[in-house]
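As structure tokens, the structure follows; a few thoughts come after it.
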Amino acid sequence: MYSEKVMDHFTNPRNVGEIENASGVGTVGNAKCGDIMRIYLDIDDKGIIHDCKFKTFGCGAAVATSSMATELVKGKNVEEALKVTNKAVMEALDGLPPVKVHCSLLAEEAIHAALWDYAEKNHIKIEGLEKPKADIGEEGVTETY
Amino acid sequence: MYSEKVMDHFTNPRNVGEIENASGVGTVGNAKCGDIMRIYLDIDDKGIIHDCKFKTFGCGAAVATSSMATELVKGKNVEEALKVTNKAVMEALDGLPPVKVHCSLLAEEAIHAALWDYAEKNHIKIEGLEKPKADIGEEGVTETY
Amino acid sequence: MDKKIYLDNAATTATRPEVVEAMLPYFTEKFGNPSSIYEFASQNKKAVDEARTIIANSLNAEISDIYFTAGGSESDNWALKATAEAYASKGNHIITSKVEHHAILHTCEYLEKHGFEVSYIDVDENGILKLDELKKAIRPTTILISIMFANNEIGTIQPIKEIGEIARENNILFHTDAVQAYGQLKIDVNELNIDMLSASGHKFNGPKGIGFLYIRKGLKIKSFVHGGAQERHRRAGTENVPGIVGIGKAAEIAMATLEERQQKETALRDMLIQRVLTEIPYTRLNGDRTKRLPNNANFSFQFIEGESLLIMLDMQNICASSGSACTSGSLDPSHVLLAIGLPHEIAHGSLRLTLSHDTTEEEINYTVDKIKDIVAKLRSMSPLYEDYVKNNQR
Amino acid sequence: MDKKIYLDNAATTATRPEVVEAMLPYFTEKFGNPSSIYEFASQNKKAVDEARTIIANSLNAEISDIYFTAGGSESDNWALKATAEAYASKGNHIITSKVEHHAILHTCEYLEKHGFEVSYIDVDENGILKLDELKKAIRPTTILISIMFANNEIGTIQPIKEIGEIARENNILFHTDAVQAYGQLKIDVNELNIDMLSASGHKFNGPKGIGFLYIRKGLKIKSFVHGGAQERHRRAGTENVPGIVGIGKAAEIAMATLEERQQKETALRDMLIQRVLTEIPYTRLNGDRTKRLPNNANFSFQFIEGESLLIMLDMQNICASSGSACTSGSLDPSHVLLAIGLPHEIAHGSLRLTLSHDTTEEEINYTVDKIKDIVAKLRSMSPLYEDYVKNNQR
């Protein structure tokens, strides 16, 4: 059901873990849907994403998209990271089954949430970044995924 | 589906044929139902059924019951022949499938019709014999079998 | 002849050894439930998809428009009942023919008890649908035309293309019961404007208990069997994987051998028809002489009754039928033979012989010889024959 | 382990080699249509009757009360829809439970769209039907109670005898979906007051695509599949002879080995439950501890999600399930786990292991070892676990 790339990122996920005192942390999804993603960003003064880690509660696709998303944003600056869309994640994983597309949306959302947290902490505004739609608390909102 | 006795009487039917100038002939059933039986009786002055022949258009059970019925009445007198019921025919054949019970009724009826014909020709009345319910002409009447 | 001569292939066929072989691994080894997530089961999902692809290709249909069922009867029930339900708001009128299989006729009767109206169109003396009557029967409320592709008793092939055109012109759905035709005739659902098509595995050397319904994309037809999400949510129940693999293999072989079988069987059938009609008097062929299934011959022998004929043939090791297998044992003569205008006593004396790719010339000749003997014997016992002879002597 | 460990016997089972062997002659040799008149086919009729007899005896039922179908889903659909239709004049109310299989639930939803009212009775935290609620739900218009014999996900066995008594006292028909129970538990339809019972061959080492419905004599239930006169006019379609012979053989073996299998599987199951509950923290057993199918274990592992667990088990050659196979791939957690009161995130982290007579202690131990590793790995990746640990450190 999953591509080889998905299986690789699921069984050997890159960047699993936490970052202490992260520049930004974003958690999206909710337990009702069975997917929760948390992304930690370590962003240096130049706005470069130095390090990126994740923790995910969810299916194989949720883990794989988290893993791929962290790989894709690592080393990028904030503006570039913002352009890592769910499509980019899916393509990098050689596709996802239709019922799992929402996982890639969740990954995009998780990055945005972490960037939003970073922006808030640093009292800056990131062009084109909107307040993330959902996190654990906001039950029901992500259910349209 | 049929007992060995039925198969025997179907494949080697006894008394097939016609009797020229028979004492009595009875034809019952109709083509719509798929069964027509004709029985010829040769009855001597003492009222003994000297010979008996049949012709039947119908299924295996129809042929077998005709054959058995002729065997059963042969040698009997008219009163005894009247007592050859469909049950007697069925028992002598070791039974019939439920959907074929009407064939044995038809055989009983055919004997009665032949006896009636004999009675009419000789202007006598046979105790207990009623006018047979049906023959080829009376379409529809035998359909309740 | 010591060997059995099986001439009842319209009732059911022998499953081909290659088909059984293809099925076997799916019983004991690759037995997983295709809906399961693990690798072990996903190979079964693939096998199911492969069978679906073979069948779709054989009909020039979309792969996702093939739905597996338990056989022809379920397919027919599904097509009719689900269409009735889905399109009830459009209308309550269904058109079918007088010569359909009971799976269609009894389902129509069921629908009639539930507020639907059904027109049963007549056929001509060869069993061909009267197209002008069909056209006349169409109402604004007509939601479905269901006409069989070829008849199971007399083998007549219907003018499906014309019926499909009439249906399309009038914007009415068209279902065809192709249980007898699939595997014997080339069918293109697009060319013929067919919206739904029923078929059954055991009629073309596949296994029993498996069939399919083709449903053209876009139709609102819902489930007939509700439950799990199998068959794109449209037919619940754990997939019969060995059966599906088997029907796929049977379809593959049927398509690969179609023309060769048609030629061979048509030649033997014509020889059979020729001999019977010339050598046995008071005999008629039922069904159209040319627009008929390559493997079907159906005769009426005057003055005799079909069951006795069948039993006597059976005693010569010849398997034949007097109509559809399901109704043998019943007292009514075939509704198909009555519909083509046969009187009851002639309808009762009918015999259906249906060939397979395995049938030989020797078997046919032996069979004709036996039929001759048996018909003569039964006629000598028949009061109808006696009357006929006497009347003609006068 | 090199060999595959199959612990998903509630999804489907391997067909027993003896069953396949019994079926084989009926594909290529004894392939006749049982409705045919000739000797060659009558042996198939006999084979069908033998299978029917075996199954009737296994349930202490009348032989003529067993009707073959294409599987559990068809049996469930038939029982519910035909009862609804036949008894509509008596009432329009049906009672079932919240934990039924989708073949029941979706059929009930269908009936609700067609004028029927359905009460879905709650279960307690172990999945056992609340009998007092059942009693309260009964109305003068109640025509049917349909409660599954044992649950396919959590293995809980329902108080069928009590339900049967309630049904009888109130003069209401009682159907039970015994698809998971038949072949695992002794069932006596008379003792238990069961009026209709569904079963499916592939759940007890028989073939797929064949099942049966028991219908007590005297019920007015009509056909679900209309057409030919098969199955005493109640289920049309050429009999799936190999399938019927197969389900008969499987039933015969299941009954002969019932107690031995119960003992063996219960012992292994209890070992499995024991090890998992003691060795893996934050884990619960779903379903009743004792009133459960001998082969069923169902766990929830807090903080992790079921699909990842399944895939990782698959990579260790272990076949397991997170609920009913039909719903995997769906985003909703199991309706059964929600019905026993699990919160969503815990319901998502569930695992069903279902044993067979072939399951070994070694396989169970290996599986538990792997589950331990995988659960630990997934928890180390889980934000929920992270939060839990942090909250407890404070």
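Just so it is clear, A, B, C and D label the chains in written order, and each chain counts residues from 1 on its own.
Just so it is clear, a residue touches a chain if its C-beta (ideal position, glycine included) is under 8 Å from a C-beta of that chain, and two chains touch if they have at least 3 such contacts.
The structure presented is a predicted model; accordingly, all values stated were derived computationally and were not measured.
Visitor: When every step has to jump to a touching chain, what is the lowest number of steps that links chain A to chain C?
Guide: Minimal hop count between chain A and chain C: 2.
Visitor: Find the geometric centre of each of chain A and chain B from their Cα atoms only, then give the gap between the two centres in Å, rounded to an integer.
Guide: 93
Visitor: With centres defined as the mean C-alpha position, give me the chain B-chain D separation in Å.
Guide: Spacing between the chain centres: roughly 57 Å.
Visitor: Averaging only over C-alpha atoms, locate the centres of chain B and chain C and give their separation in whole Å.
Guide: Comparing mean C-alpha positions, chain C is 40 Å from chain B.
Visitor: Averaging only over C-alpha atoms, locate the centres of chain C and chain D and give their separation in whole Å.
Guide: 35
Visitor: Counting only residues that touch at least 2 other chains, which ones in chain A make the list?
Guide: 1
Visitor: For chain D, jot down the residues that touch at least 2 other chains.
Guide: 37, 307, 311, 329-330
Visitor: Considering only which chains touch which, how would you classify the arrangement: line, ring, star, complete or other?
Guide: line
Visitor: Going by the touch definition at the top, which pairs of chains touch each other?
Guide: Every pair of chains meeting the touch criterion: A-D, B-C, C-D.
Visitor: Under the touch definition given earlier, write down the residues of chain A that touch chain D in their complex.
Guide: Result: residues 1-2, 7, 10-11, 13, 16, 18, 27, 31-38, 55-60, 62-63, 97, 99, 102 of chain A touch chain D.
Visitor: Quick one: which bits of chain C touch chain D in the complex? Just the residue numbers, please.
Guide: 4, 6, 8, 11-17, 19-20, 24, 27-29, 31-33, 35-41, 69-74, 76-77, 101-104, 106-107, 109-110, 200, 202, 207-210, 223-230, 236-243, 307, 310-311, 313-314, 319-322, 324-330
Visitor: Which residues, counting only chain D, touch chain A once they are in their complex?
Guide: Those residues of chain D that touch chain A are 303-305, 307-308, 311-312, 315, 329-331, 333, 343-345, 348, 380-384, 386.
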